[in-house]
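As structure tokens, here come the structures.
Each of the next two complexes has chain A plus one more chain, namely chain B in the first and chain C in the second.
So, the complex of A and B:
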């Protein structure tokens, strides 16, 4: 807000990025980053700003993804309709869920969202006549090039950030933060806390559901293990929020970028650097190292979260002034 | 029709009757003091009026309408504000944002809410702290913030729960001045207070309770000379 030109510069960069970055692999990563921006923003609204920890983002993500997939496989409608519909149907799930489960507070609510996640995963696995169970659903991709997907993902990411930003500047935003800070005080200030918590959850579910539908359209294949995955979606959503900055507008953007990068660095053994070392030196143990490193990416998430919580409790965006100060300090003696 | 009326309210905690058949009335524009030894049920009465706890029996009426059974936020919308004995500032928000969040109750466009919040902050003398984060305030100012926040909902009746506890003599004088100023602005006040100096100087009318029951009602002078009240505070030996 101090530099209103910042976001526009970033937007400009993101608009021309795929034109400069022609490698399909990096375009793929950028699409994932943008999808995570939407999921992270959704998570951040309900958990970061409203203080109700969502441990089951995959419930809404998977629901959006399956909405898009089923539209195509069962009704023969274009899976792109899943984008609006996936969001709306996720809200239709969030509404009764919130109405029942917002009587729970703190960790109990978080556990209820975890349960919602697991319920949907099992339903999607067991209800084979509808979802084909573990076989999954294949959707024909519309485009061969990644560019259209990139711009759709960018539009969704922008929609998420702008939505969260607008909401947080409004009366709703004040109410959400009041509820996070002290629910009893908020209630006695005349705020209908149940209503506003549900409102926040519904907006979150909408954004996460759209991201899920985007995933179906882009990947062309979904199964319950992937889209309702606890550690690949639900936990990842929390990590994106925490690393980027809980309760910050641009936190999920930074978090998504870092988390996708970290995941890929480990998964590909430092973008193939380890592989290259192994090949050029001929050290026999390198293949073992590569195997362990690629399996360690979940461990790396854990370590990253510990480091962030210890040193940057407000995330990278939330503690940006702290980071800048320490960078400035460490540079100063050198000058 | 009484402005505010509590009729035979009862609240149990397990088998203990924390509030047992309390009745009293408050006239519009007066300050009603609620006194009693520790654990006598004063804060519980506030929590019952406020809708934080549900009544086991009895009824609470405000401006001729039954408010018991409504939710806390609905009671606030009807015009009953409250402060908490253990202060509950919205810690990571600035003082101004705390009050704006309250002001939104009756003032919709943001600019209106901000205007009301700023006026209320000035009325309560917190202008100095306006842009400070609420958790950084000293206790006297946090208590004041509680009042400011309650006032920003523009109540007709305000419940003040030990807003003078833990203040030094100078702060106490200021607190008394503020409470009188609130009354003069036309807001009816029910106040729970341990500090006799405060309660005696400002109350028009006092209700003394012990073990969840009303033991005396009347003007400050009548209540402090009441033998039951002296017994409740000092024990049998001091019985007048």
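So, the complex of A and C:
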């Protein structure tokens, strides 16, 4: 059987990329992309493959992030222990949550995850003796250079993609998809749907929790508003999933890349291009334009959601054959 | 005892407004079968319309109802017609893509409001904003009482519309069984468009009525969307009578939570109740009403 060489080429490229891109800013963006690959893969496993839409990915992300931060601020342990522990404790949260809430189906379950997210955010804000509330927690960064973080993030991204790939090739994967397609039919075929949905949720929570712990270690600062954010984490996770491709292995990779790029293009005004135009031409209204564009990244997310759902409901990877057909129609006649 | 009664009154008055928010959501839920996560953002848009009319034309907030409700009706109609209805023909893996679409709409509405009005907190100050009258030592906020009365009026009109008119019957028919309704010659696409408009119009009324005693900024939609779905779940999805009870329950729970547990816990109480209802009475209060 011929093994596809694409993933290995990609891996090789990702391994040497930071050595070529010496600029700290681009390395920072790559780390963010890799973090989102892990979150997106986690989201995709439970939502894309198992069909239980997770609206509150930030619940697990924030929990992982707070685990790492509290280890360092309260127990004086290195925050790096948060990587395994954040994942495991996220599973410990996902387990009772799933056990209780998997009785709910479809949109009900999605809303329950949203409620979990909100509850955690409120608790993290109110419980000031533990979490310092809105002040947040500061964790000393271990490395000054971004390279170590890059390779840790890469390892986590690879771990998540390989995990999802392995799971989806195994018997579990078929069970997950059968639950997504028709839960009642799956149940009547003798699949313990609760058990397999739990399994899917726990793996997802583990991956997302690790990504949260990575965030704490890398950013060095967290507060409830950022790590339990509905817009910046939960919705972004959904976007990474649906833009890249729901229910595809490499969808989150593509989605993470596009979403981080979109976010940064708007936040920096086209990577400083607008600023440059403003300076070189001296137009007074350019500063206003830059201000608007830098505020518009959430708007661009919203428009992206609408456009992707309307025209590419299965994401870029999922609808790739469709895109290719419409892009290269002139070259190749339709078969 | 006085504190208890005062809390009760405040909770009921607030619950009335919540019921109005929940009614629109539950109508949409019943007919479309989706949760409209842009509901609070519709309310935000209505509040900005009211604010603009008050600020630039000096109109009384209650007068602006005649403008804010029809404009939101139109907005709902357009969104349903051009963004949500086309999705029904699209083949996709995720069945929830209509819900995700409403999230996208919510983000776009919020950001457009931020473009136009910036992120500053705005408020509409009228003579009755902070005035109150007293009945037996219990204070009633004038604005909230007016809002409560208007809510009752709108609710009764809505029920009359749903029960007595042909259009209302069609809406209920689609809500009960969309395919059977289509076989009976009802254009369910059109009914969905109208229902979305009515839902948006109802929440617009809630927004306009709330504005004199509340403040306004672009992100205000999110918390109200969450409240709306808590109410809808409490009441049982798609149940109009349930939504009224759901609204009152949430209003009372928040009010008592704020008085007896602490102001910080106001939002948390609602969420905890939401999870408890999901767990112990899935289907919500609909179970007890049979409507």
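By definition in this document, the second predicted complex is superposed on the first by the 326 of 335 C-alpha atoms of A that agree within 3 Å, B and C clash if a C-alpha of one lies under 4 Å from a C-alpha of the other, contacts with A are read in each partner's own complex, and residues count from 1 in each chain.
Quick note on the criterion: a residue touches a chain if its C-beta (ideal position, glycine included) is under 8 Å from a C-beta of that chain, and two chains touch if they have at least 3 such contacts.
These numbers were taken from a predicted model, which means no experiment stands behind them.
Engineer: Which partner does A:182 reach: the first (chain B), the second (chain C), both, or neither?
Structural biologist: Touch status of A:182: first partner only.
Engineer: Look at A:174 in the shared chain and tell me whether it touches chain B only, chain C only, both, or neither; answer first, second, both or neither.
Structural biologist: A:174: touches chain B, not chain C.
Engineer: On the A-aligned overlay, A:310 touches which partner chain: chain B = first, chain C = second, or both, or neither?
Structural biologist: Only chain C is touched by A:310; chain B is not.
Engineer: So, does A:302 touch the first partner chain B, the second partner chain C, both, or neither?
Structural biologist: In the superposition, A:302 contacts chain C only.
Engineer: Check the residue A:143 against both partner chains and state whether it touches chain B (first), chain C (second), both, or neither.
Structural biologist: So A:143 meets neither chain B nor chain C here.
Engineer: Determine, for the superposed model, which of the two partners chain B and chain C contacts more residues of chain A.
Structural biologist: So, of the two partners, C touches more residues of chain A.
Engineer: Look at A:276 in the shared chain and tell me whether it touches chain B only, chain C only, both, or neither; answer first, second, both or neither.
Structural biologist: After superposing on A, A:276 lies clear of both chain B and chain C.
Engineer: Residue overlap on chain A between the chain B contact set and the chain C contact set?
Structural biologist: Common interface on chain A, chain B vs chain C: nothing in common.
Engineer: Quick check: in the complex, which residue numbers of chain B touch chain A?
Structural biologist: The touching residues are 50, 52, 71-74, 76-77, 81-82, 84, 88-93, 97, 100-102, 104-105, 108, 110, 113, 149-150, 153.
Engineer: Considering the complex alone, what residue numbers of chain A touch chain C?
Structural biologist: By the definition above, chain A touches chain C via 47-48, 51, 53, 100-101, 103-104, 106-108, 110-112, 114-116, 118-119, 122-123, 125-126, 180, 230-231, 235, 238, 242, 246-247, 292, 295-296, 298-299, 301-306, 309-310, 313-314, 318.
Engineer: Applying the document's contact rule, which stretches of chain A touch chain B when the two form their complex?
Structural biologist: Per the stated touch rule, the residues are 169-171, 174-175, 177-178, 181-182, 184-193.
Engineer: Can you check the complex and tell me which residues of chain C touch chain A?
Structural biologist: Going by the criterion above, the answer is residues 34-35, 83, 86-87, 90-97, 99-101, 103-108, 110-112, 114-115, 222, 226, 229-230, 233, 237, 264-265, 267-268, 271-272, 274-275, 278-279, 282.
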